[in-house]
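By letter and in written order, the chains are A, B, C and D; residue numbering begins at 1 in each of them.
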Amino acid sequence: MVSNKRKIINDPIYGFVTLPDDLVHDLINHPIFQRLRRIKQLGLTNLVYPGALHTRFHHAIGAMYLMTEALQVLKSKDIKITEEESRAAIIAILLHDVGHGPFSHALEHTIVKGIHHEDISAMLMDELNKAFKGKLSLAIKIFKNEHPKKFLHQLVSSQLDMDRLDYLNRDSFFTGVSEGVVSSDRIIKMLNVKEGNLVVEAKGIYSVESFLIARRLMYWQVYLHKTVLSAEKLLVNVLKRAKELSLAGEDLFATPALSLFLKNNFSKKDFISKPELLQQFVLLDDYDIMASVKVWMNHKDIVLSTLCKNIIDRNLYKIELQNKNFTPTYKNQIQEKVMKKYKLTKKESEYFVFAESVNNSAYNSSKVQINILHKNGQLIDVAKASDQLNIKMLSKKVTKYFICYPKGL
Amino acid sequence: MVSNKRKIINDPIYGFVTLPDDLVHDLINHPIFQRLRRIKQLGLTNLVYPGALHTRFHHAIGAMYLMTEALQVLKSKDIKITEEESRAAIIAILLHDVGHGPFSHALEHTIVKGIHHEDISAMLMDELNKAFKGKLSLAIKIFKNEHPKKFLHQLVSSQLDMDRLDYLNRDSFFTGVSEGVVSSDRIIKMLNVKEGNLVVEAKGIYSVESFLIARRLMYWQVYLHKTVLSAEKLLVNVLKRAKELSLAGEDLFATPALSLFLKNNFSKKDFISKPELLQQFVLLDDYDIMASVKVWMNHKDIVLSTLCKNIIDRNLYKIELQNKNFTPTYKNQIQEKVMKKYKLTKKESEYFVFAESVNNSAYNSSKVQINILHKNGQLIDVAKASDQLNIKMLSKKVTKYFICYPKGL
Amino acid sequence: MVSNKRKIINDPIYGFVTLPDDLVHDLINHPIFQRLRRIKQLGLTNLVYPGALHTRFHHAIGAMYLMTEALQVLKSKDIKITEEESRAAIIAILLHDVGHGPFSHALEHTIVKGIHHEDISAMLMDELNKAFKGKLSLAIKIFKNEHPKKFLHQLVSSQLDMDRLDYLNRDSFFTGVSEGVVSSDRIIKMLNVKEGNLVVEAKGIYSVESFLIARRLMYWQVYLHKTVLSAEKLLVNVLKRAKELSLAGEDLFATPALSLFLKNNFSKKDFISKPELLQQFVLLDDYDIMASVKVWMNHKDIVLSTLCKNIIDRNLYKIELQNKNFTPTYKNQIQEKVMKKYKLTKKESEYFVFAESVNNSAYNSSKVQINILHKNGQLIDVAKASDQLNIKMLSKKVTKYFICYPKGL
Amino acid sequence: MVSNKRKIINDPIYGFVTLPDDLVHDLINHPIFQRLRRIKQLGLTNLVYPGALHTRFHHAIGAMYLMTEALQVLKSKDIKITEEESRAAIIAILLHDVGHGPFSHALEHTIVKGIHHEDISAMLMDELNKAFKGKLSLAIKIFKNEHPKKFLHQLVSSQLDMDRLDYLNRDSFFTGVSEGVVSSDRIIKMLNVKEGNLVVEAKGIYSVESFLIARRLMYWQVYLHKTVLSAEKLLVNVLKRAKELSLAGEDLFATPALSLFLKNNFSKKDFISKPELLQQFVLLDDYDIMASVKVWMNHKDIVLSTLCKNIIDRNLYKIELQNKNFTPTYKNQIQEKVMKKYKLTKKESEYFVFAESVNNSAYNSSKVQINILHKNGQLIDVAKASDQLNIKMLSKKVTKYFICYPKGL
C-alpha cells in the first residue's frame, strides 16, 4: 500500500519532488529540520538580488532530489548500492547543512566562534539519530566518510557533489544570474564509479568545465559581490558590537536564545559538555537577529544604533575592491576623517572603516579531484584532461582586497 | 549626463529592470519602501510552496516595470501621456502596497482592526509626499482615481492592472505553479485607451480569458489552498490570543512596536489623530512576529504556547473544505473532544476548533469591467465578448466552507 | 548488462529522454519512423510563428516520454500494468501519428482523399509488426482499443491523452505562445484508474480546466490563426491545381512518388489492394512538396505559377474571419473584381476567392468524458464537476467563417 | 500615425520582437530574405538534437532584435549614433547571412566552390540596394567596415557581436543544451564605446568569460559533435558524388536550379560576370537537396544510392575522434575491408572511408580583441584582463582528427 506520507513538494526548479520514504518524511517534519525554513541560504544577498530569499530548507530538499537522481543513474550502470545505502545517502545530503545558524555563512563564527557549521550538523545528526532510534547511523557514517563505498560520501561532499549542483542552480534561479545555471541533469547522467570513487565519463568533460566556470562566476558575481560583502560585514559588525556591549554588562533587547549567545563566549568544548547549549542554538534563526537589530536602532550606543539603522535602511558601506592590499596610509586617512566627522574614538571607528580580503579558487586540485573516466578506463584529473581550458589556472587561489567606509564621506 | 542613480535591479522574471529616474531611485531607498523587503508577499504560503518567500518589495518593483512597458505601448499608439503623468503612474504603482503590514493579507485586520492596508498606503504616501516636497501629488491623485485620465488609475488598480499581472506571474514563478503564468507581455501589447478608459484590443481576448482562468486557478491552488488557510488561521489565532492576554495585563515578550499594538486596540481615528502611531506601525514586519512567536512557545499560557509550537514546528490544523456549511452539531462534537482531550474551557477551545468560509470570484462585472475593443470601435464587456467561454460564470462568487481542528484527534 | 541501445535524446522541453528498451530503439531507427523527421508538426504555422518547425518525430518522442511518466505514476498507485503492457502502451503512443503525410493536417485529404491519417498509421503499424515479427501486436490492440484495460488506450487517445499533453506543450514552446503551456507534470501526477478507465483525482480539477482553456486558446491563437489558415489554404490550392493539371495530362515537375499521387486519385480500397501504394506514400514528406512548388513558380499555367509564387514569397491571401457566414453577394463581388483584374475564368478564380468555415470545441462531452474522481470514490464528468467554470460551455462547437482573396485588391 | 507595418514577430527566446520601421518590414518581406525560412541554421544537427530545426530567418530576426537593444544601451550612455546609422546597423545585421546556401555551413564549398557565403551576402545586398533605390548604402558600408564608426561594424561582426550572442542563445534553446545559454541581456548592458571601438565595461568580465566558455562548449557539444560531423560529411559526399556523375554526363533527378550547379563548376568570377547565376543560386534551399537525395536512393550508381539511403534512414558513418592524426595504415586497413565487403574500387571507397580534421579556438587574439574597459579608462584585452582564467589558453587552436567508415564493418 502507498503510504500517506508520500508527500510531493513543489520546486520551481525541478518541478515535483516526491519524498522517497516515511523516514525522510518524518525527518523533514522534525523541528530541527523545519528550522531551516527560517534560515536564508544566501544571508543578505537579497539586498542586491531581491529574489535571493530561498532557505536552507529548500536547498536541502533540492540536493536530496538530485541525490535520488544520481543514485538511480549509478544503479542503472550496475553500481551496487543497497536500499539501505541509498536511503542513508539521501538522508546524509538532506541533513548536511542542518547545523547552519542565522543567515548561513554570513554570521558563521560571529554568534559562536571556533565552531564550524559542519560540527553542529554532526552534533544535530547524532541528536536526531537518538530520536529516530539509530536509523541514521549509516547516513552519519556516509556523512563522515567512514563508509567503505567512498563514492556515496563524494555525492554528499566533494568538488562535484549534489550540494554544489543544487546550490548553483538554485542560487542562479532565485538571483536571476542566468550564467550560474548548471546542467545538473547532464552531469548526473555522466556520473559513474571507478575503483570505489565517483568519476565523470569522458564525454561529460565540457559540462564539468562549464560547471567550474559557472561556480567561479557565481563567486564573484553573487557570493562575493562587493555590495553583498558590504552588507554582510555590516551585519557582522552589528553582532560584534552587540556582543561587546553585552559582555560589558549592557542590557540589550533580544530573544532569550540570542541573549544567551550575546552574553557568553561559548567554545566547541562548551557545546560538548553542556547539551542544553545545542538546544538553545537551534532556537536561533534569521528572525531573532533582524527583530533585535530593528530594536537596536534606538539603542543609546551610537555605534550600535548607527550600524543597525544602516542595515535596516540599506545604507551600506561604500566598498572598494582591488587585487592588491590597501596601504595602511590609505586606510588611516579615511579612518581619521571618519573619527572626526562622526566624533568616534579610534576603536569605535574600526566598526566603520576596515580593510579585509576574500579569496576563492574554482577548483582545488589538492582536495579530492574530479576524475574523468576515459573510454579506455583511464582516470585523469579534470585539471589535466581538458584539451584547452587551463583548469590548473582555476585551482589558483584568487584573493581580492577590500576596504569599507561610510558613504558620502 | 547619465545619472549615477540609473540603477539596474535583477529580476529573475523580467531580467534587468532599469529604474526610470532619480525620484523613483530615491523613493525606493526610503526606509518606508525598504521596509517592504521584510514583508512576504504571500504570508505563510511558503509552508506549502517553499519557494514562495518573495516580498512586497520585489512585487512593487515588478509592477513598476510592467507599468513602464504599458505606458510605452500606449504612447506608441498615440495616446497622450505627459512625462509627468508617466512618472506619476509609475510612482503610484510602486507605492500602491506600501501600507501592508506583517505577512501581508494574512494578518490584515489582526494587528490593527478596521483599517485596510490601502488606507495605510494612502497615509504613507502623504507622508512621503511631505518628505519629497509635493513631488508625489499627481501620483497620489492617480492612486485615488482623482486624475481625469482614468486609464492611468486603471493601470494601477482595476481588474486588469499591472498589480495583478505582476503578482500572478511572480507568485507562479516562486511557487512553481506553472498554470498561473500569464502572458503579461502579450496582454500589455494589446492595451489601448478608448474614451479615456483602458481597453483591450479584440485579438487579445483569448489572453484575457487565459488571464482570468489563471487567476482563478491561483486562488484555489495557492492563495486559498487549504493548508495555506490552515497555517494562516493558526498565525491569526496566535496573535489574537497574544492580544487577549496583553489586554488582560499579561506581559509578553515582544519588540516595542509590536508590544504597543498588542496592548491597545487602535482605530482608524487613532491613526489620524496620533501621527506617531503610523511611525510605530512602519517599524513592524514579519521579523517582529516570528521572533515573538518563537519566544511564546515557552509561555505559561497553554493556549498560546501550543499554538506557537504548532506554527513553528509546522504542525498545522487539520482542515476540511467543502461547498456547504458545516453543521453546528459536527463542529460541537469535535469541539467537545478537543475540550476533553486538551482540558480546555469552551472559550479556549475556540482557538483550536472553528468553522469559517472563504470566497472568490475570478471576474467581477459589477466593478469596472474589462472592455474589449472591436475593430469597428465597439466596446464589449469581456464577460459578453467571449464566443464560448461563459465568463459570466466566472463572476459568480464561489464560497467554500472550512473547519479546522487539531491533527490526530 | 546495460544495452548499447540505451540512447538518450535531448529534448529542450523535458530535458533528457531515455529510450526505455531495445525494441523502442529499433522502431525509432526504422525508416518508417525516421521519415517523421521530415514532416512538420504544424504544417505552415512557421509562416506566422517562425519557431514552429518541430516535427512529428519530436512530438512522438515527447508523447512517449509522457507515457513512461504516466505509467510509472499509475504503477505507484498499485494499478496493475505488466511489463508487456507497459511497453505496448509506449509503442502505441510512439506510432500513433506514423501515418501523417506531408505538412501533417494541412495537406490531409489533399494528396490522398478519403483516407484519414489514422488509417494509414494503422496500416503502417501492421507493416512494422511484420518486420518486427509480431512484437507489436499488443501495441496495435491498445491503439485500436481492443485491449480490455481501456485506460491504456485512453492514455494514447482520449480527451486527456499523452498526445494532447505533449503537443500543447511542444507547440507552445516552439511558437512562443506561453499561454498554451500545460502542467503535464501536475496532471500526470493526478491520474488514476477507476473501473478500468482513466480518471483524474479531485484535486487535479483546476489543472484539467486550465488544460482545456489552454487547448482552446491554442486553437484560436495558433492552429486556426487566420494567417495560418490563409497559408494552408494556399498550399492546398496549389496541390489541387497541380493535381487538376496532372489528371488532365499536363506534365509537372515532381519527385516520382509525388508524381504518382498527382496523376491518380487513389481510394482507401486502392491502398488495401495495392500494397506498393503504401510504399510510395511513405516516400512523401514536406521536401517533395516544397521542392516542386518552387519549380512550379515558373510553370506556364498562370493559376499554378501565381499560387506557387505567393506561397514561396509569403504573399498570402487576405483573410476575413467572422462568426457568421459571408453572403454570396459579398463573395461574388470580390470574385468578379478578381476575374477582371487577373483575367481569370470563373472556375480559375475559385483558386483565389473562396469562403469556408472552421470549427472547434474545447471539450466534447459526447466523446469519452474526462472523469474526476472524488475522495468518496464518486466519478463526475469534468463538465459538471467544476464549481464555477461552465465547462459545458466549452463543449459547444464554435464555428468561424472566413473568406480569402488576393491582397491589394 | 503608426504604420500598418509595425509588425510583431513572436520569438520563443526574446518574446515579442517589434520591427523597427517600414524599410526593415519590406526587406523582411522580400523573396531574397524570405528564402532564409527554408535554410536551417544548423544543417543536419537535428539528426542529433531533434529540436535544432530553426532557420537563418529566425536567427537574422533575433540578431536584429539584439542590435536594437545594443544601440539603445549605447545611446543611453551618450554615444552618438544618428537615426540613419541606427537603422543601417540594424539592416546590416539583418542581412549579414543572406548569402547562405542550403544547410548553411554544411554544404558551403560543396555546391559552389571557392565562394564564401559572405561574398554572396555582399552580392545580394548590392542587389537589394538596387531594388530599394540606394537605401541600403550605409548598411553595406557598415557591413564592409567602411564606415568610420568602427563600433557599428563590430556590433555586426567581431568576436562579441550580436550575431554570436543570438546564435549561441538560439542554438542552445533549440538543441536543449542549456550550458550554451549566454546572458545576452547582461553583456549588452555592459557594452560601451571607447576611441570608436566597442568595449565591455570592467564588471562585465565574468559574463564575457562565461560567453567564451559557452561558445567553446557549443563547438564541441553541438557544432562539431561527432555524430553531426558524420551526418554532414555524408551529405557532402552525396553532393560530391552527384556532381561527379553529373559532370560525367549522367542525368540525375533534380530541380532545375540544383541541376545547373551539379552540371557546372562555377567560380567567383562566373558569379560576377553572369548575374543570372545569382538568380539561380537564390532559388536553392534545403528542399532542393533533400527532395533530390530521396529520389537518388534509387539511382543505379551504387555509391550514390547507398550514401543517399544512409542519410535518409539516418544510418550514419561510424566516426572516431581523437587528438592526433590517424595513421595511414589504420585508414588503409579499414578501406581495404570496405572495398572487399562492398565490392568497391579504391576511388569509390573514398566516399565511405576518409580521415579529416576539424579545429576551433574559442577566442582569437590575433583578430580584433574583446577589450575590457576599466574604471580608470584603461583598455585591456580580455585574454589578459581575466584574473584567473587563462583566456590566452582559449586562443590556442584545438584540432581534432576524425575517421569515418561504415557502421557494422
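Going forward, a residue touches a chain if its C-beta (ideal position, glycine included) is under 8 Å from a C-beta of that chain, and two chains touch if they have at least 3 such contacts.
Since the structure is predicted, the reported quantities are computational estimates derived from the model, not experimental observations.
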item	value
Reference chain A; chain at largest CA-centroid distance	C
Chain pair showing more contacts of the two, B-C and B-D	B-C
Euclidean distance of C-alpha centroids - chain C vs chain D, Å	32
Chain centre separation (chain B, chain C; CA means) in Å	43
Between chain B and chain D, centroid-to-centroid distance (C-alpha), Å	50
Interface hub residues of chain B, defined as touching at least two other chains	15, 177, 186
Residue ranges of chain A touching chain B (in the complex, touch as defined)	9-13, 15, 29, 31, 34, 37-38, 46-51, 53-55, 57-58, 61, 173-177, 253, 255-257, 283, 285-288, 290-292, 294-295, 312-314
Chain A-touching residues of chain C, taken from the complex the two chains share	1-2, 6, 8, 15-16, 76-78, 185-186, 189
Complex contacts: residues of chain D adjacent to chain A	177-179, 181-183, 186, 206-207, 209-210, 213-214, 216-217, 220-221, 323, 362, 387-390, 393-394, 396, 398
